[in-house]
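The same chain A turns up in both complexes below, where it pairs with chain B and then with chain C.
Let's look at the complex of A and B:
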């Protein structure tokens, strides 16, 4: 993409966001007695307040922290989805990989005692490994047995959830706690804090590194080239000698590593324990991020920050105004719908053009 | 007397901004066969679609028998006696020929189609115009040549006086082409007028009275056929002198590069697509594979390049057995492949030219060093190949999609030729490519042969096979029914007999 096109693209996305936010405001105005306050909360809530009254101070750092925490998870999931989407594999397995990743960290954290940092590193490695394997399985099924990856990954998500619940209830759960969850992880298996007053942990650095690594993987390695060619035209990739089956399986497995890390972030960074209902559906938010970013890791970073901001702002709006959760969800949905529709539109044009070309080609035959 | 049809200053701009026709003047006299020629994309089909009411001109007028007419849709065109046969036929496969011919204006008995009447009408038309068809056969079971006759009869049934035939010979065997020409002449004898679109110059000379030549949407020549040579027409089409005849030094046969033995392939459907295929390709020769499309050529190429597994038999490249190997291994053992279906196999439309040029070598130095891809090396190669193979595009990062068919083909040729193969398999290498690019591909193929490479040329264009090959293998129903030495003694008709399965050399099945 040329510089010029990228700028136009960015302007278009910003325009769509503005329009979406305006529609959101109209809806808010219809249901709220204080729409302006509510919307201000949505739009500015996640920003830290800088106060100069009695010396310089940052208020509400925790809200800013929420934004960063949310975005870190979303970006990791967005990267996971971007990898498979880049290869045109519609794997929806991030949810399950994330759950099992979190589960693996809990096992390591609670059942082993090793000194920091080895304990933490081992837990991270376990999350990444289980994510890799839980992606590899449906990958192999797709590559070698042509099992549709949408169906298989959704089924793998269900299995992952059952395993998660089973182990949590019967083995890891703290029976004395008033809720279904484990005891807190030992400090040796918790991600150290990066910003005090928040729950922003070292995972934010791991996430930034992941963005760079995934970018490098996609743009600067033979595997990335294979991924791209597979996504662009599988038959062409095969004709060129690429082992597309291997690439399909690997793309889904590598994607799982990142989803596993996202799970580790939830358990080792945010909750510092494992609980039931570990953020259900978060895995699918990664799809939104990847769609917004057109599977470009650099844009995943930006889209993840944007989407995280929106989600955090929505929570703050819900807490600080009369606008209820449902309305927040509607607004979110509209924004996503508009933006992704805008994403799908070029796809449609492409499809149409391809059809045309085809017809012309037939005619020229 | 006024011309039958006169199109004046026709311009057509498509919604996507393509100027397909620019101030085109086009006139057809009553009772003539008028050839409309030009390279692909010249705007021939567009001009005829305007005449047939399928497209509306952005500017310009149509006059019929001296009166100005508007043709907003094909209905109106048919009322005015204009009929068009498109290259991609528009018949209903599950209907019989008679049903297809009367479709849309059926003779009825009560509320139902009068079958007997439809068949009678078809037979009568068929007899009157000398176009042989079997009224009760289903379209799906009839050969291409007959389908085309059905299309023509269909327009005649609707009362066409002026018939537009859009590249009618592109899908025909030489025999079928000859039959078509006979029929076209007969139509003219009976007072019809024919516009005949083609880009085959031999046909222009053979069939037409006058020619209109188009290039880039404009008319570049309007002449009586008898006054010009094929080379003259080619020059008008391309805008420069074109070498139609390729000079080939006598063949210098070297070692055997490819050996194919008892090759068989059974499709997933259980249908045998290749049966006991045997041949050798020698260094320094072009072995042409002729045949009506669908007789196993596609499968042969895909099996030889590792895209499909052979069911039985053996393939050796320079002595090494390669059957059952991956496409990559076969490429590494020295096979390059220009695929038949460019858009599905040969390119990734949404990737850049540079990326398309490294798909077979991205994982080797200089493109990958110490595990990392080198965008610079990929770029450098693209720039070099684009220059060497005269690929016209905005730059190496331009998307494949933005290229014309001819330039896309050059990208493929550039990649496959620069792989320095021992065996080059070229399948339909000039299909849909214009004369300029065709000439280029042909020269390159011959150059490879002269360098001592083995070339396997698979083409449905018999003229192409005959002008390039040293030997010609003819395929029929998955078998090689003859391998013929090419030369002045070999005629199209002779090859046509093999193509139609009317003649076979038993020796062709055994060792050669």
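Let's look at the complex of A and C:
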């Protein structure tokens, strides 16, 4: 992409976000008695409140923490989606990979007792491995047997959910708890805190490392090159001597590693246990992040921070006004619709030009 | 618990009645998925359409008595159903508009619709009823059950034809089976159905003989939305009589897989939907007998993946055989 094109693209994306937020405000105004107050909470809620009264301090650190927690999960999921989308594979398997990733950490955390760093590291490794395998399977089916990855990954999600419930209900569940969930993980298998007073854990560093690694993988390795060639044109990539089958399978598997890590973040970082209905639908949230970032890992970081901000703001809005947090899902849907509508802006330009020409014609009589 | 008990409970009229009830919300959206799939436009948004229609049906039938008091109960139920179907059609039209006019990727548009429905229903539910979980405070109408007269006195047939309690199946179950027949006739006995299949199979060839691809896909997606909406309405106005957040619970996605498992034709799709329904009913039943229901519910997705694998292996073998024949023929011609 040339510099000029990139700038136009960036402007387009920002315009889409602004339009979506404006539509969101109109919708809020239709149902709320205090739409401005609600929307202010949405848009400024997660900002840390700096106070200089008794020396420097940050008030509401937990809100800032929520923002970072949300964003960490979303960026990992966004990276997972960006990798498969870059290769033009429509894998929707992040949801299942995330669930199994979380499940794997629970098995390691609760069934083994090992001293601190190793226990945590082993749990993380387990989450990454299961994510890799759960992505590799549909990847192999797509690459070598041309099994449509949309249907297969959706089915793998269903299977993953059943495996999750099966093990949770019959093996891992704490029967004395009032809800369906495990006992808290031992400290040796919990991610250490990065910011006290929040739940922001070391996962934020792992996430940052993942951004760098995925960027390096995409931009500085043969695999990344093959990934992009495959995404640009599969036939052409094949003529160029690229083993496209291997790249298809690997792209979905590598994507699974990141989704598995997102699952580990939920269990080892945020909840510190495993519960039923871990986070339904979260696996699909990576899509909007990857779309906003145009599948560029560096922009996934920015887009994830933005979308995490919006989700945190929505939670604050829900607590402080009469509008539910689901308004953010509506905004998200509008963003996806508008950002993928490549013809929207050219069409608008056409319409604008036609209208102007019309006016000129009318003026000229 | 013995094996015989399991078998007895499976091969009973009551079990078959359960299977029909559980399969109905799969058959209806799967028919929608089939139509759009055959036209060459995959509809990922079956899930979202179901959810939106389920919500609309409950809200319209629940609030209609306040807007138009004095009408008989069935009018409210009908109004809920009709508006629900209209919402489904509108969503199908929106997908078509974004995909065909604004050139969006149809998969991403479908996913956006799912997110819109998941968020929109909870958002509106809260502002209408003050509850985020369900519409239990709203007194909404139910779609009627259809009882077949006289057969209740006949032991097994009564349960089979009118369900466990003899009250009859919900009208949507009948609509589901009728719809399968209607779609079969449409696809294989009507010219517009042939046009639809041609559009999906070979768009260029279809266009060259004057079929309007764009219009065909528009209608296919709108019809797809209507079918999925019927499935959603059944969930909130038949299966249950309230709307719950995310009450479709992935049925729309399963319906999509059902189309593939059913080899992309109406009869196969019906059978595939019944397989999923049977596994789900069996899971619930075995759950009471200390067999984890999750194990049973895992079977249909595994079968679906296996079916896709087999289908592609067979297709590849066929293509290879055809290529070999072609090669032999050309060699024979040159010799």
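Worth a mention:
In this section, the second predicted complex is superposed on the first by the 321 of 365 C-alpha atoms of A that agree within 3 Å, B and C clash if a C-alpha of one lies under 4 Å from a C-alpha of the other, contacts with A are read in each partner's own complex, and residues count from 1 in each chain.
Definition applied: a residue touches a chain if its C-beta (ideal position, glycine included) is under 8 Å from a C-beta of that chain, and two chains touch if they have at least 3 such contacts.
Remember, predicted model here, so these are calculated numbers, not experimental data.
In the superposition on chain A, A:147 makes contact with chain C only, not with chain B. When the shared chain is aligned, no partner comes close enough to touch A:107: not chain B, not chain C. Of the two partners chain B and chain C, more chain A residues are in touch with C. Of the two partner chains placed by the overlay, neither chain B nor chain C lies in contact with A:47. By the touch criterion defined above, A:291 lies against chain C but remains apart from chain B after alignment on the C-alpha atoms of chain A.
Using the contact criterion defined above for the overlaid structures, shared-chain residue A:337 touches chain C, although it does not reach chain B.
In the superposed pair of complexes, A:217 makes contact with neither chain B nor chain C.
In the overlay built on the shared chain, the residue A:159 is in contact with chain C alone; chain B does not reach it.
Residues common to the contacts of chain A with chain B and with chain C across the two structures: none. Chain A contributes residues 219-222, 224-225, 228-229, 232-233, 235-243, 350, 353-354, 357-359, 361-365 to its touches with chain B in the complex. Of all residues in chain A, those touching chain C in their complex are 27, 31-32, 90, 92, 141, 145-148, 150-152, 154-159, 162-163, 165-166, 169-170, 280-281, 284, 287, 291, 322-324, 326-330, 332-334, 336-337, 340-344, 347. Taken together, the chain B residues at the contact with chain A in this complex read 40, 45, 86-88, 166, 170-171, 305, 307, 326-328, 331-332, 337, 339, 343-351, 355, 358-360, 362-363, 368, 371-373, 375, 401, 405, 431-432.
Those residues of chain C whose C-beta lies close enough to touch chain A in the complex are 42, 44, 98, 101-105, 107-109, 111-116, 118-120, 122-124, 126-127, 132, 246, 250, 253-254, 256-257, 260, 292, 294-295, 297-298, 301-302, 304-305, 308-309, 312-313, 316.
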